[in-house]
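Look at the two complexes coming up: chain A is in both, with chain B in one and chain C in the other.
So, the complex of A and B:
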């Protein structure tokens, strides 16, 4: 008997996806995961624009991770023009990135993942019985949001970050309020860890190569080498290792390393960077009993919960040491050049690359999102997971799942 | 309540003709009430106001409408974080037992801003 299952709207993901599964006599014959959002053409949109416009335009790629695109685009342009930001600018960029990760992880964990684990159709359906949990999520989202608004000047599509520095600095009083809010929200992050450690996760080993930035000094955010359990390379070498290809059924490109899948995201970061977790995040990791490295994609939620604690600790650390000085934005001289920006964002590693001519006009652009890098890995994991449901030794619960 | 203490939450995009009428109408009230242009609907979740009055453009209506209470709003299933929209946020507030008084003033996509402002004034 053969059966074709077509899921045109996969729920609870970031973006829009479709899955087609063909099963014949207990064997998965076809498994196609596609991103089905309209084509966006952002790489084309920035061509012909000035180098200091790329981050404002590419920020619109995503409303959830607009800060990520801002910082990645700025990093790529500065890399092209040979500029290294000041320590203060780097700290502000880290805060913006970490604030966005707190907001995104809290939203993902409670509004996308938790209803599935608890058997509800959506967060709305679980609101009456899990009010305290959702209120925890909202407090963490608010804390992350306030980091973005205070540091970046706006809730979405921040306006303070610029090529060569920072346009408008937050006031000292605002930073003090922010720190207090994060200290409060950390209680919710610790509760979130315990909640997600108590859930039952299916046993599954993806066997994927897990990549993230690895920085010798800290849990990588903006700097480091792109590293897996097998290899490590510098940002500027990425085209030698990572290949993009297009499938007509999908609007997002697929990305492979060599000719095989790899994964990026919270679990990859945790696998590669756990030695640099904050003290309380390390305590949570121990409490979780998660054995690292893990290539069970279901453990990504555990990693997100632990990262939320770490990101809050890191924000507090930066806010305690930050003594804002009014540094003017460096005016960078245009030259014919090319540069790569690569940073860690909520869903994984984000790449921006720009070529700039002597007049400061962008002549070429390449953007690789975490979703594009994870797409093949997710597709192959679904294929293997569904196939495993037909294993005769599997229980009924696994088959129903 | 002192009318100057009232706040109007404004949704829409002033740069898009089909989504801008709410912002134009709100501007005409700016001397009397506090206007808050909303970038992200979740802002409402953290509002300390006891009454939340919203103005937004509604597709398919010819005359302004007033919707009172979040229980009347039907929200789509949340497919992705991009669907974390106004409807979802208001339904979530309702399900979490919020006692805030919600009023939504829906205005058409097209029309005379000054005329429609006169019609919606009593609802603010």
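So, the complex of A and C:
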């Protein structure tokens, strides 16, 4: 008996992906996960543009992580031109990144993941019986959105971050309102932890290496070395470690380190950074009884829930210490140069690299998204997971297919 | 008699999903909209998507390959009114800027192509099918999406905002960025965004598309006087709405000479 299963439009994901599974006599013979989005060639679009235009263009790569692309692009350009941002600029960039992580995790956990665990077709369908949960999700999304709008000027594709500084500073009063709102939303984040700890996750071990930035000072956001259970390297060394290869049927790039598949994202960050979690996030980690490092991709939801608490605590901490001064944007002198920007964004580590000529024009660009890095691991995890359902000690699935 | 709710769907072709997120990021109001209409399809957040006879179908994204075109044509047949949601759908947005870049800038990326799916010229959806309404912007204003749905649910005709960004920008009390020497495209760009970019200190890049009565020649002249070169001006104007500004070619070929 052989069967070909083709899911042409996977729902409840951001973007468009397709899965093809070929199964013959209880063996998974074929498993292909591919992004089926049309190609947009962003790395080509920024060639010939000025160095301070890259972030506005590349922001359009991804709606839910547009802040991420803005900051990664700006960091790469500043790295090329030899500029280090001020502490205040760094704090504002962190807020933007953390706010984005809060709303992205809330959206993923409640709108994309939870309905599958509770047996609903969508979060909206849960409204009648799980109204309180849905409201928690919306409050957290709102808090994240408000961080981004207050700091960056707009919910999506923020406008105030710039190469060399910040274009318009938020008012003190709005920062105080923001803080209050996050303090409120944190109750929801704690509830979210308990909810997601109570769900049943399949036992599964992905053979992947779990990579994220690791910073000696804090739970990684903008700085650190790219690190896994086995190895660690500096941002600028990425070309020696991260290889790119191309599958003929996919528009996204698969990236492997050496010959290993690897994962980036919340679980990787938690594995590598948990010592730097906020006090309440640490409490939640203990409550979850999660054994770290975990290589079970289903635990990513638990990691996202814990991270949401941490990100809120971190936002509150920054907002409490932030005393906005009107620093003008530093005008950077163009020179022939190259730079790498690498930051932690909701779904993992994001890389931007640019070459700039003496006139300040971008001559080359390379962008590696978390999804491109994760796609191979996700595909191989699906293959192994489906196969496990056919293994005799796992029950009757093989008879049904 | 109970009124029949409008059947509504939200779909996306090639894009960043930011417009669909803008619908969801209405937070509590999202729940109101869902009450107001019969939400038949929203594959981004729904598993069950019933894909027939929509009254209003909101489409995010642009046509970048054969799959996009087939999906767009299929859905057009299934709806009474097609609403272009966001800049990709309305103008082609940043991905359609490829029409104005040199092939050598992106051909080294072509080897990443998926076999068997042919790239098409990146274009807004109205180059392929009839579009009934436009909700412009990158991203579209999330409140505008709610306002649109509320008005059609009440049987009212939504109207596009036609004044330039400068009107709202002035009302918001911002200092003119052109006066500060920034290449702001506010004067030729349709507002309705509450001048969100200039409020944040960032010059307008024109994402909501040109106003009907813009003076493009004068805009080019002003930018030249501010010291911006021809290539910069063309690139900037074409980043979001290049295909909606065919007159730029004429302006730059004829060597601009406006009094």
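Just so it is clear, the second predicted complex is superposed on the first by the 394 of 401 C-alpha atoms of A that agree within 3 Å, B and C clash if a C-alpha of one lies under 4 Å from a C-alpha of the other, contacts with A are read in each partner's own complex, and residues count from 1 in each chain.
Methods note: a contact is a pair of C-beta atoms (placed from the backbone, for glycine too) under 8 Å apart; a residue touches a chain by one contact, two chains touch by 3 or more.
If you're wondering where the values come from, they're calculated on a predicted model, not measured in any experiment.
Engineer: Would you mind checking whether chain B and chain C clash or fit side by side on chain A after the superposition?
Structural biologist: Here chain B and chain C cannot both sit on chain A without a clash.
Engineer: May I ask you to name which of chain B and chain C touches more residues of chain A?
Structural biologist: Touching more of chain A: C.
Engineer: Taking the superposition on A as described, I'd like to know which of chain B and chain C A:128 touches: first, second, both or neither.
Structural biologist: first
Engineer: State whether A:94 touches chain B only (first), chain C only (second), both chains, or neither.
Structural biologist: Neither: A:94 stays clear of chain B and chain C.
Engineer: Please indicate which partner A:153 is in contact with in the superposed arrangement: first for chain B, second for chain C, both, or neither.
Structural biologist: A:153 sits against chain C, while chain B stays out of touch.
Engineer: Please work out whether A:60 is in contact with chain B alone, chain C alone, both, or neither, and reply first, second, both or neither.
Structural biologist: In the superposition, A:60 touches chain C alone.
Engineer: For A:112, is the partner it touches chain B (first), chain C (second), both, or none of the two (neither)?
Structural biologist: Both partners, chain B and chain C.
Engineer: Just chain B (first), just chain C (second), both, or neither: which does A:142 touch?
Structural biologist: both
Engineer: One more residue to check, A:48. First (chain B), second (chain C), both or neither?
Structural biologist: A:48: touches chain C, not chain B.
Engineer: Would you please give the residues of chain A that touch chain B in one complex and also touch chain C in the other complex?
Structural biologist: Overlap of chain B and chain C footprints on chain A: residues 9, 11-16, 63-64, 107, 111-112, 121-124, 127, 134-135, 138, 141-142, 145, 154-156.
Engineer: Across the complex, what residues on chain B touch chain A?
Structural biologist: 39-40, 42-43, 45-46, 75, 77-82, 84, 88, 91-92, 95-97
Engineer: Using the touch definition from the top, list the residues of chain A that touch chain B in their complex.
Structural biologist: 9-16, 63-64, 104, 107-108, 111-112, 121-124, 127-128, 131, 134-135, 138, 141-142, 145, 154-156
Engineer: In the complex, go through chain C and note every residue touching chain A.
Structural biologist: 12-22, 24-25, 27-28, 30-31, 34, 39, 42-49, 62-65, 67-68, 93-95, 97-98, 101-102, 105-109, 111-117, 119-120, 122, 138-139, 142, 196-197, 199-202, 205, 232, 235-236, 239
Engineer: Under the stated contact criterion, what part of chain A meets chain C in this complex?
Structural biologist: 9, 11-16, 34, 36-45, 47-50, 53, 56-57, 60-64, 66, 103, 107, 111-112, 115, 121-124, 127, 134-135, 138-139, 141-142, 145, 152-160, 162, 167-168, 246, 248-251, 253
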